[in-house]
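One chain, chain A, links the two complexes that follow: it is found with chain B in the first and with chain C in the second.
The block that comes next holds the complex of A and B.
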């Protein structure tokens, strides 16, 4: 088997043994189950006519079911995007430092694999975990509302996949940081910093307007040109999830850019790890 | 490949990837402003200008009988509102002619009215002395006929209606029975015709058109406080917002529904009592209808059915690729509230423009064909 998959499998087994991640999955299941069993929706000719939550009638307007579900799917998309990235930063911060820790790294390097296989395998394992969690959350929500209303959309699932791409860029930077310092805390910090910078980068045109023209603004524009525009991606994901018209520009290009940024960060990690004296 | 060469490849690859990423993100996210989502202003309450307008219209002090007992001075009222019918099952729809005329929808309607190059309008103005675009303020459609309000001081009643049997009906009011009309022509001649409607005039401010003199007199009596009908007028001053507003009898509304909606029309007649309408034409045409009834459960069911009809219309617009209409039907909603519900609906101005495009074309053709003024 390809050594990358072997390492990815190892990471997944490691994740499965962690109570933190298991608790998260159980919590997610409980939330989905609560929504499924407590929410009753009455649909008449494609319009959401009545809503009952825990048996109580919720006063709401009678509107087309997809229009009524828009804010829910939009909120879910933002929650999955930012919540997922935040949870991923915290939950996956010590996978790479653990794998590269003294004792374990010597053992792994003794195996017939190249150094970049280790990083690529860890990245793949974590991304599989992220994708699984996202599909479970977004798919569960889509399934529940689809069954209850008859309105089926792949928007939330696509939005979830976009959140995974956003997280891929963040985790690639965390992984590269792990090759520099074997510290889960610093990996997390790098992830948080990139998340914040990514949010700013998404609003770079708006933020730039408030900066004094000169070196400061030029530097900001130059740095944010390269950074992944996470907030723009989140807005696009929310628009897709709620089936609202997209902002001008190409979401595919933006998505591709964030993904390529992640691969670039990963390549920096490969470069550094290749020459590292473990 | 040895480790050193591999490192160079990784580093070179990373730089290349960052450059590609920057290019993709720069191209993918346009830095321009996001197009604003369509906004619809649904008429929901009186605004400042509406209150000011209503106050200006309080010009009529209803006469009180002097029975030797001191009475508080009567408050001035809007004579047009005082003339409206009373009681359930009646219809009175007010069109703010002046406001509508200066709205985007009014511009479109003007194109239709003037598609003959304005010849008919000019003829009407010279014959009657009334310029509908200047002198007409409001027009009310009731189940008894029409009430027009405005400044009719230049109207040539005597020339137009002088040959009919007429009588005074209270202070400032005169009622003309159906009969012949004589219109003096600019060349000195007279055009004769017959009008089957009775006409009432009041203080050069109001013109009432009814099927017979009794109906006209009923309207004038209501305004004067001499009417026999109980209760307040159909519309109260606080409901005079929008370019078009009023109360529609449910039976009338049911007739307006298309042949495919007969079941819904019947349910409307069975369940609802009356419908108060407000229409805003300051942008896209937005309508709010307050439908009230007696049975909360039946009204809720009716609201659900209407919501379903709107949802189906939206789906149809989406399927047919009519994005503008579909986007505006996103705003369509029913707000249930016990024994009543509020229906909100918008129609894009562009859709109306497309429907009335022929008027503009006709008008342009006629205007281009006319010889230039010397």
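The block that comes next holds the complex of A and C.
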């Protein structure tokens, strides 16, 4: 078996033993179950005629199901995007520092694998975990509303996949940080900083307008130019989840930019780790 | 290893620490090689260089005929780090199976269980590693190192935390591996263990190899033999044959510079304990030393002793133990590997 997959399995097995990750999955299941059992939707000829939440009637106009579900899927997309990234930053912050910790890294590096296998395997394991969680959350929501309304859409799943792309860029920075300092706290700090900067970068044109013209604005524009535009990606994910049309070509540019940033960060991490004494 | 140097540079060019200062060392295939030296001698850096974990600043390292960077070479090496960090929530068969997969070995669950039984962990296969004692963790680390029948075993403090009976078992396993033809590279602060397991030793200090060679050559105190005769031996006849009572330092010193043929020695039954033996009358009774350049001279002396009616009970080469060799080489008491 390819060492990358073995290391990814190693990471997933470690993740499965983490109580808070298991608690998160249980919590997610409970939320989905609560939505499934407490929400009653009456659909007549493709229109949402009545909604009951915990037995109480929710006053709303009669509208077609897809239109009625738009705000729900939009909110779910934002929740999956930002909530998923935040949880991922916290939950996955110590996988790489743990794998690179003294006593474990020597043992791994003495085995017949290349150094990049370790980083690639860790990245793959974490991304598998993130994708699994996203598919579970977004897929569960899609399934519940699909069964209740008969309206099936892959929008939330695509939005979840976009959240994973955003998290991939964030985790690439966290992994690179781990090759520099074996600290879970610093890894998660790097992830948080990138998330905040990525949100700012998504609104860079709006924020830039509020800055005084000159060095400050030029610096802001220059720095945010190379950062992944995470908030713009979140908006795109929400638009897709709610079946709102996107500007032509905008999604490809956004995803491309985030992917290039993530791959660039990983390349720096791989390069640094190759020459590092452990 | 040839001209091996390693300097750990500090950040922002603030100098550095020279851990290895030009080491030349050849470890013969199939030998049991011990590495000893004081703290900070560079032993860990040296082991990491051998395994390709640390990149040398200068010099070349060849392991099993190839580069330690080559995964095919590393597949033939078993390594036990000093402080092996094990996944606490896993069980030992799962851990070994993962290591086996990373070594490119085929799945062999019964083989893993046999290996666990060999290191004395057969009763703990259903327990999580987190609940293992330090000694059990070391045994598991040893099992991981033994996976795939490696040609080279690099063990850093393999018996650390293991009880005396466990040490005996580990020593037996290591001796079995050496008999199988494995090259053993052992770093242990337990000099007695190194002495029992290894046939060659290198003494490291300050990033250099101070002494290296066969254990008996390093510990040899010249051509001197310690002999014990059965009670009732004629002391004057033995002295005439060139034997000197052990513990008579003056006489020992005088004869030490001469060959057996010319040795007359002086007899002095001081009753003091001889070097390496307890100061016990029963133990020193009939103990003599004799200098013999080769076995022919030694046997001639023994023949003369036996001709006088003395009965040989014990014969061994006089030599310093590893601790004395280390202290002699490093010259700093109180520090050992």
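The definition used in the following text is that the second predicted complex is superposed on the first by the 275 of 278 C-alpha atoms of A that agree within 3 Å, B and C clash if a C-alpha of one lies under 4 Å from a C-alpha of the other, contacts with A are read in each partner's own complex, and residues count from 1 in each chain.
Keep this in mind: contacts are C-beta pairs under 8 Å (C-beta built on N, C-alpha and C of every residue); 3 or more make two chains touch, one makes a residue touch a chain.
Owing to the predicted nature of the structure, the values given are computational and were not obtained by experimental measurement.
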Chain B and chain C placed together on chain A: clash or fit? fit
Note, angle between chain B and chain C viewed from the Cα centre of chain A, nearest 10 degrees, works out at 180
Chosen between chain B and chain C, the partner touching more chain A residues is B
Looking at the overlay, what does A:256 touch: chain B (first), chain C (second), both, or neither? first
- Query: Is A:112 touching the first partner chain B, the second partner chain C, both, or neither of them?
  - Reply: second
Based on the superposed arrangement, let me know which partner A:34 touches: chain B (first), chain C (second), both, or neither?
-> neither
- Should A:275 be classified as contacting the first partner (chain B), the second (chain C), both, or neither? both
> Which of the two partners, first being chain B and second being chain C, lies in contact with A:103: first, second, both, or neither?
Replying inline: second
Looking at the overlay, what does A:219 touch: chain B (first), chain C (second), both, or neither?
neither
Least Cα-Cα separation in the three-chain superposition, chain B to chain C, whole Å, stands at 9
Residue overlap on chain A between the chain B interface and the chain C interface 275
Residue positions on chain B within touch of chain A in the complex are 3, 6-7, 10-11, 13-18, 20-32, 34-35, 37, 303-312, 314-315, 327, 329-330, 332-336
The residues of chain A that touch chain C in their complex are 1, 3, 6-7, 9-10, 13-14, 17, 101-114, 275, 277-278
Given the complex, residues on chain C that touch chain A span 8, 48, 51-55, 71-72, 74-75, 77, 79, 81-85, 87, 89-90, 94, 98-99, 101-104, 141, 144, 154
In their shared complex, chain B is touched by residues of chain A numbered 42, 44-50, 59, 61-65, 67, 116, 202, 204-205, 225-226, 228-229, 232, 244-245, 247-258, 260-261, 263-265, 267-268, 270-271, 274-275
